[in-house]
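Scrolling down, you'll hit the structures one after another.
One chain, chain A, links the two complexes that follow: it is found with chain B in the first and with chain C in the second.
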Partner chain A sequence: MDMDAFNDDFKVTSKGKHKSYEIDYESLTQGAVEKLMQADIEHISGIFGVDENTASLLLRYMNWNKERLIEKYMDNAASVTSSAGISPLEPPTSQSQAPIRSSIEAFVCPICFDDSQTKTLCLSCDHTFCASCWIAYATSKIRDDQEMAIRCMAEGCSLVAPDLFVRSILEEDTTTWDRFRELVIRHFVASNPNLKYCPYPSCTHTVSCPSASSKSSLATVVPTVACGASATHKFCFGCPIDGDHRPVICGVAKMWLKKCRDDSETANWIKSNTKECSKCQSTIEKNGGCNHMTCKKCKHEFCWVCMGPWIEHGTAWYSCNRYDEKDGVDARDAQSKSRASLERYLHYYNRWANHEQSAKLSIELYSKTEKKMEEMQITSDLTWIEVQFMKKAVDEVEKCRMTLKWTYAMAYYLDKGNEKELFEDNQRDLERAVEDLSELLESPIEAENIPTLRQKVTDKTVYVQKRNEIVLEDTANGFLEGRWQWNCSVDGFD
Partner chain B sequence: MDARRRRVMKEIADCKNDKSSNIRIDMIDDSPFHLNGSFPGPEDTPYQGGHFEVDIVIPPTYPFQPVKMKFITKVYHPNVSSASGAICLDILKDAWSPVLTLKSTLISLQSLLCSPEPNDPQDAEVAKHFTTSKGSFDDTARYWTQIYAVDPSARGKSSEKLQSAGDEVAMAGLEKAHVDQFEALGFERGKVIDALRRLNYRGANVANITEDRIVEELLK
Partner chain C sequence: MASISSRRLQKELKEIKTEGCPVGITLLEAENFDKWLFSIEVMGESQYQGEAYTLMFRFPPMYPIESPAVQFVVDQTHQSPVHPHVYSNGHICASILGTDWSPVLSVVSVCVTLQSMLASCKKKERPPDNDQYVSRAPDNPKKTRFHYDDDTV
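Right after this comes the complex of A and B.
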């Protein structure tokens, strides 16, 4: 069996078709971004009739906003040029250190106090320092401070070194020069709402996704993107979540994560250790003593065991046998109502957390299985390709569990109604399929049963993939059609 | 000799030769990278007459990164932490320039004592004291100068008297009558001083804080 036929087993829809839960984006290398930047610089350089170094500094000063720069520059070119650190506020006076270059013997660098330096440098402000101080200074600014504006070292001087100058002093240190260029590019990317830097450590790719650049667009699309460096560099263009939070939109995902951070641990503890006062609903922890409780807040006296008023217990200390008393039932009803919202949250939270945990476990399981299968490949006559079907299945299970995980966050905030029921039906179908496949993956592997297991797993994987598509597609369409109703206010919805 | 060492040695030598500025920089042990700087408190301020010592650490990237300075002498000042001596001053952070020297930085610290910046405080409690009742703040700052910054030999016999128990109150910039009043209610003296200091029970502010509020703070 060749590789293509193997892949065909898992193919569900034809390639190239744009799915409603996917977004158009483009991954750019650092070089490509540099080209975009260069185009802006050349544009400004052409309009203003200045050299590219100057144009670049002007653009950086204005956070790469060309329109605003043009407007301000046309208004008062001199003031923009000096605030951008290109020309000195006042022209250098004649008594400055300018002539020192010609009489190098007399020059003592005011920073290192060295009089043996033969190479000195200065910007157009004529504040002269020795070359080695400039190098040390620029390196320290770039490497320690992540700073791309290398200002003149003189106190109070706001002149910024143009790229050509930085380049010349870092001639021998290409790593620092590369870092400098990266800082400039990062600034360019950060200033442009259509661009986002890949958040993975030491990755230098950028993603361009104009259709998710506005805040309002994030109410209808989930811009999950991946940079060109690696398919695992998946992130959300709209929010700082690393990874894929489809099918829920950024606003809901953010709300849910915040709720989980604030509540989960505390909620579990409250649920197992406290009860509410049957009169004022304050949460009470019983940390010892008898069952005769007196609420600190409303002074209501009640029995911890049956929650009824203490008055009905008379002198029956420590023995509560009044379970059926009407007041006790009422009190428990009131309490169960206030518990209901907590229970509801925990219902969704536990499932959310469970899918995350299960996804981790199936990956662990797979690494064990993989070893076994590779051993089998050596001991039996199975080919490499024939023992690889598990990998596909585990990947799919993990992917679907992530979808399922987020559907619980979505369901928590969805308003009751037909739409929610349909959503939960889709969720249930996917969940059931994923659980079945998960179970199959755990079945014992023997050389004899591999062909049947392979068939079963492959079939199930295709089915799971289909169910996942349905959930993603239907939810995405729902956002586009404005079908989802929330039970609280969500960013971007009225 | 590397550039950093040469520069620091020259700065120390320059400072020694300059008698007019009254600024001293001394080495601790033999390393020129951990120093002790000192200067007299500026005249016509509550710090007058004091002698302020500063701990100076020269980072490996000096002079391209700012020098690290903190007060060793306790100073009552909005931009200096009353507990650690940490200093809030722009030239020790972003506004640092490699042409600044240890001497010029110490002079800047000296002028910081003349002109506090309560809007950018290091010590919020002290800054609150400064903004609400300047007169009382000056008294406390002067008191701290007397206790911590005046050479014991110059202070003479008065030192014993100054460090007796009653001075805790003055050190916190509080009125003895106020402290006595709440101590009489059965609270520990130290606790009363802490609470009143936290609430900034000073000067005109006294009218804004009810006794109940103070008792509440004391019961915390």
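Right after this comes the complex of A and C.
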């Protein structure tokens, strides 16, 4: 089996290049962002007739807002220049700007009081200090305070060291100089609503996503982006939530997470890995991702999530995902009302938390399967490629469980009615497909049944992918068409 | 590189010993280059007439590139002055100890600034967020990012 044929098994036919749940964006390396920044600097330098160091300081002072800088500069150039920490005495065209002064006779540095220092430096204000004090100061500002405006050390002097000066004092310390450049770039990115820095630690990539830069756009799209440095660096351009929260928009996702934080105590008991069998009361532990439980003692088969009999789950009567809204008839007094609202919340929270937990458990379980597969590669004539179908399936299950997880946050806030029912139909179909595949992945593996298992798993994986597409696409279309109605007020909706 | 702080503090100490401190400021203890204690009194007519407070300086190895940690001593025998920028645990909200610190400032110049901060006080009262701040304040005031609401100090 060659690789292409193998991958074809998993291909889902896509209608167009751009799916409604995907957003256009571009990932940029630090070098590419630096070019954008340089273009702005050159633009300003050209208009004002100042050197690039000065243009850069002016832009930083105005948070890279070119229009406002030009406006202010035209109004009062001297005032903007001095507020930005630039000396008016500085020549408009920098020839050498060599900051290193030759040794002054018997110079005593007013900071370290070392009279043996021969190398001294100053900005155009002539406040002179020894080179080693400048180095120590700039290094401490950059490394400890994450500061990119290196001001003159004299009290009350507000001059900012131009990049050329910083560069020259950090000559031998490229790590600090690189850190300084990163700080400037981060500031440029943070000042531009079309750009966002990758939130993964020590990653230096940036994503450009102009179609999600306004607050109002976030009511209709979920801007999930990837920085391009690594496949795992997926994040939301619109909010600080980790990873991919499709299909639900940022505002609703944020509300749901807040609700979960506020109610964390009430919901804590759900997270436990053990429950009692509803028939014989013996303790049952969940150790896989599958929700189909069989009591070891009495053989009762039930659903881990709703504790209902499993037989109903395989049929058209499947409604484990739906919450039966009791129309408030039996909720007359405040106490039963609050009990009903807690019950309702727990229905959604329970399923939300279960998908997260199940995803983790199936990954754990897969590591055992993987070992077994590796052993089988040695004992039988299976190739590496022939045992990869399980990995593909587990990855897909994990991805779909994340979609399902967020559909429960969405359903919690969706208003009763036809649209919600259709949403829950799609949710149910995906959930059933995922649970089926999940169960299949936990079936015993023997070398001789691998071909049949592979066929089954591959078929189910393709089906699960299709169901996931439908949920993502239909929900995204619903946002674009304004189809979703909420049972509370949501940012960006009337 | 020999510790920048020790050479600088040696020099400051020598100056204090030869030239003395300004009126109302007395060096109480300077046995090492980690911690110094001063007594501060406001001279002339003020809210703090006849009161003396103890000011503690703790020096990081990068002093004076980095600012010293400065606070009033508070224990069984010492209290911090009641002042809108001084917390009851002795921490001080003053921009020269934070963002406006300059390496050319010295221990004595900090003492003088804090002395005049007390002298100009019109009404003895604690900062409005005193209880809230003190209950969760770090041991080292430098770990707090103060919000300098008033530039007169």
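Points worth noting:
Here is the rule we go by: the second predicted complex is superposed on the first by the 401 of 494 C-alpha atoms of A that agree within 3 Å, B and C clash if a C-alpha of one lies under 4 Å from a C-alpha of the other, contacts with A are read in each partner's own complex, and residues count from 1 in each chain.
Criterion: a residue touches a chain if its C-beta (ideal position, glycine included) is under 8 Å from a C-beta of that chain, and two chains touch if they have at least 3 such contacts.
Keep in mind the model is a prediction, meaning the values are calculated, not measured.
With both complexes brought onto chain A, simultaneous placement of chain B and chain C is prevented by a clash. Look at A:A136: by the touch rule set out above, it reaches both chain B and chain C.
In the superposition on chain A, A:E374 makes contact with neither chain B nor chain C.
In the overlay built on the shared chain, the residue A:G156 is in contact with chain B and with chain C. Contacts of A:P110 after superposition on the shared chain: both chain B and chain C are touched. Of 4-12, 166-174 or 184-192, the segment of chain B whose C-alpha atoms clash with chain C in the superposed model is 4-12. Judged by the document's definition of touching, chain A residues 110-114, 129, 132-133, 136-137, 140, 144, 153-157 lie at the interface with chain B and also at the interface with chain C. The part of chain B that touches chain A in the complex is made up of residues 3, 6-7, 10, 61, 63-65, 97-100.
Against chain B, the residues of chain A that register as touching in their complex are 110-114, 129, 132-133, 136-137, 140-141, 144-145, 153-157. In the complex of the two chains, the chain C residues touching chain A come out as 1, 4, 7-8, 11, 62, 64-66, 102-105. Note for the complex: chain A touches chain C at residues 110-114, 129, 132-133, 136-137, 140, 144, 153-157.
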